[in-house]
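The following pair of complexes shares a single chain, subunit A, combined with subunit B in the former and subunit C in the latter.
What follows is the complex of A and B.
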């Protein structure tokens, strides 16, 4: 048995496949077609059924031979995704008619993808590019399977569209309503979030410097800042809408209040981070307060400041969108979400969420990149 | 004595400063409306009387602290707690869904962390999505979650606490991953020489080592959980809870009610965080931790 290297995921996938084969009928129309052989009834997977079984069984069997791990991973990747694609494309037009074998095959394909990810994470590529590629591929496969399972369950079980639309419908909605989405993003992100984020972070930073100079202020502000960061600040949204009106200014106000305190607390903590030795060294150089601040203490505080910037990136989005629930001109992501929920256009809501998540991730990613460049000296990045 | 001078005095001074700023702000913000009223009534007032008037409007732009305090006191202590005017009633509704969501979220976070620590493939594939999941403004889809669950006949506390769960699992998961990995290599090696199974290593070494991390992240999680519960009450005309109180007060521009609801929310948040911190200290002490 030197050529055989079993893995429980692949074995279980084979078992599920056999189970699906024994159960046989994969959908309700197929059962009808079998009952009335004379009538020509169209049913899903009429042509592709054997191909699905083949894809899963062959790739599972192949992955358990003693082949190089990269080859096994490639075979699993191809088999799992071919089977998933056939399963999903086959059910089009027959939503809600799938029977147990459909889910068994889906689960088998998912197990193969899991095995593929396990093999990939065991790989230790020496080349840098290959390493980055594998590091990206693993989470991408995971994310893709979240969507595949979502799509499969929603369409296989025929879950009503207004409860949970399949990802493909959301994607189609994004593609058809780009202008609306762009207008909402312009209103919410480019006007409210960016302005509020800049004001809140800037004010928090300056207050922290001030608190650093005046130690009485620091001792008073720090406990209050810590306490405030636990408060549901989002609740000031209706008040801000009342003060600053329906347009983006009120949302920017909410965002700046929400981002102020994390920035303040983190910067004050960060400014205390530089060691006594370094500060003494600066004193022997006869450097002024500002020289010490810019050349030693701010760089030492940079990881904390970036931490606050990252926390604030997500807070800012949430603040602006929730503030729009309390009143807004007829454009904006929060406005769109709350009105389209009322009109039961759930796919539009999900489209907005997808866009918001994408922007949030990009926002976070940009800050993380800047952090990499600025704090290249920090142990966690070296 | 030193403690008072160094810690309490600055905090009190800043708080006093905030109250003064609040009063001045209330005067300035309420003055235009009061001037308008006076002009229409054809009255002329002295400065002191005018200031007094700005601080006692029934629906001010910014209510003065004493107005909020009086309203808060009246709605908290003077009303029956079953009446839907009572802040205690609303706070309890919010608190119950906060706690349910927090318990679910903590359990989910711990489960994810244990999985991540034990399976490399889960670590490499799930961790990036965990971070990405937090860039989704989940609060924004709170209304939809509520509507969808209402459509399939689930209403009340469960959908609200799901929002809290989503917000609170992340800090716990990240903190616990850090905590479960905090035992030093020599300790893990020692467990290895004892021929301990992964489960034994988990229970006897990793879990005790992770306790400080768990409670630190639970403090963050409980605050997030409360925010989730409040926002989940905003949409779809929830009838009770601090969020619903905020929303209805904002519809009728009852600013004083709005502020006292905010105060109630803050007090609940403070109590929850303090409680978690206190339990954390208790657990620490019972496990024999020495103050560092």
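What follows is the complex of A and C.
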């Protein structure tokens, strides 16, 4: 059997396909139409049913032949996504009527995508561009299937919009409310988060150096810092609103407080990180405190400082959004989430969550990128 | 400085210790690391300190370097207190490990003391080139420490100690972590370097052949409390090929060192 290279995903996909074929009827309207052949009743997948089966079966079979892995991956990619697209576009308008074969076919298509990602992960491209492309494609396919399954289950089972809107509805909502989302991002991210993050991280860093220099601060402040960094500081948000008013300043204050202590604690730990031998070395050069700080201790502390910056990137976003729940002008991501929930516009809530997730990832990614450049020498990166 | 003063400066011993003692205060009570050390090291000498662990040889080196303060007696370096000597950058110190900063290239690691001492960058460049050649590392300037072998890292750390041209070199078991072949090679290079630069070198080791091969004088120390038990003048010529280690004279000196170590040792009681 030199031409046959079986994989369990593809085999299982074929089995699921056969199961779906044996069960036959894919939706309630189809059952009605079969029961009343005279009446002309519209039902999902009236025209595309065989194409879905073909896409899955052919690409599954093709992927198990002895073909180059890239070709097999391409076939699987095409088959899985064609089937998924047909399944999802077919159910539109017939939400909640899907029967077991629909889910079996979804699962089969998903298995093919799984097989596709498995093959791609095993590829060892020599070309740099191809390597980056494959590296990107794998998480993209993975993420896309999370959305496809979400969409399929929500539409197939007819889950109420209030509980969980399908991703397509969220996407449509994002597309139609770009100005509102942009205004919210401007208010929450570009004002509250950036300002609060800069102030909190900067103050934490400077306090750490001060505590390093002044021993009573180190002995007095640090135990408290460790304790406070474990507290749910978000609770001070209403107080900050009373102190600094409804606008972004109070949110920036919450973010500052939230990011201050992780930065303080991490920087102090990092400053203690340089070895005795290295410090003795600086002493033999009669190096001043500041020379030792800038040439030895801060570079050695950089991995810890970046850790704090990354933790704080997430904390800042949470802090700013949640703080807006407690009072804000009529703009801002947290304000939008809390009001749109009240108005049952759940898709808008999800749209804000999606935007926040995107911005959070970009924020984190930028810091991680800078970290790679600055601490290239650290054993975990080199 | 008058001529007479200059002369006095020139004849002044590089290191002078009188009745030197150091007691560490620990939780288990005081520990005498050094007691009653009397030693004078003149310019251009190569002095090795040898003894079992805990004999205070590293501690003595650290006292010279002002990394530890003696609790008794007196230490003078270049006629100054050890603190003044440290502040005037009188010595280069080579540690047991290379202690290179991983975020700096080899060249900029060597430049570190020069930066701290505020030397102009053009001057830095010529000095780096010179010491890199001295330790045979030319061509590795832009490598990072972790890209080099242990022997090369230690050579880079020697280059760093040489870069600011102190007349005294303090070396604390610099080759202790290296294998025999690399160590032989570096010993030979160190001797050549010493001959070329006419520096004073204090060298801590626990290897008898290394001490005998390198030194003009060998200080044998013993533990509990750390003290000097014997000072052996080497009769070997300054020019020393590696095979001098098979000569009868070498073996005789090595034997005397071993005797000294044995006499100072008290495993029996």
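Here is the rule we go by: the second predicted complex is superposed on the first by the 379 of 382 C-alpha atoms of A that agree within 3 Å, B and C clash if a C-alpha of one lies under 4 Å from a C-alpha of the other, contacts with A are read in each partner's own complex, and residues count from 1 in each chain.
By definition in this document, a residue touches a chain if its C-beta (ideal position, glycine included) is under 8 Å from a C-beta of that chain, and two chains touch if they have at least 3 such contacts.
Quick caveat, the model's predicted, so the values are computed rather than measured.
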When both partners are placed on the shared chain, which of subunit B and subunit C touches more of subunit A: B
Partner chain(s) touched by A:360 [first = subunit B, second = subunit C, both, neither]: first
Contacts of A:277 with subunit B and subunit C, given as first, second, both or neither: second
Touched partner set for A:296, first subunit B, second subunit C, both or neither: second
Touched partner set for A:108, first subunit B, second subunit C, both or neither: neither
Partner chain(s) touched by A:348 [first = subunit B, second = subunit C, both, neither]: neither
Footprint overlap on subunit A, comparing subunit B with subunit C: none
Subunit B residues within the subunit A interface of the complex: 6-7, 10-15, 29, 61-62, 120-121, 123-129, 131-132, 134-141, 143-144, 147-148, 151-152, 219, 223, 226-227, 230-231, 234-235, 242-243, 246-247, 249-250, 253, 255, 258-259, 261-262, 265-266, 269-270, 273
Touching residues (chain side subunit A, partner subunit B) in the complex: 114, 117-118, 120-122, 135, 138-139, 141-143, 146, 162-164, 216-221, 223-224, 227, 229-232, 234-236, 238-239, 241-243, 313-314, 317-318, 321-322, 325-326, 333-334, 337-338, 341, 346, 349, 352-353, 356-357, 360-361, 363-364
Subunit A - residues contacting subunit C, complex: 275, 277-278, 280-287, 291, 295-296, 299, 302, 375-379, 382
List of subunit C residues in touch with subunit A within their complex: 65-67, 86-89, 91-93, 95-97, 99, 101-103, 112-113, 115-117, 144, 146, 164
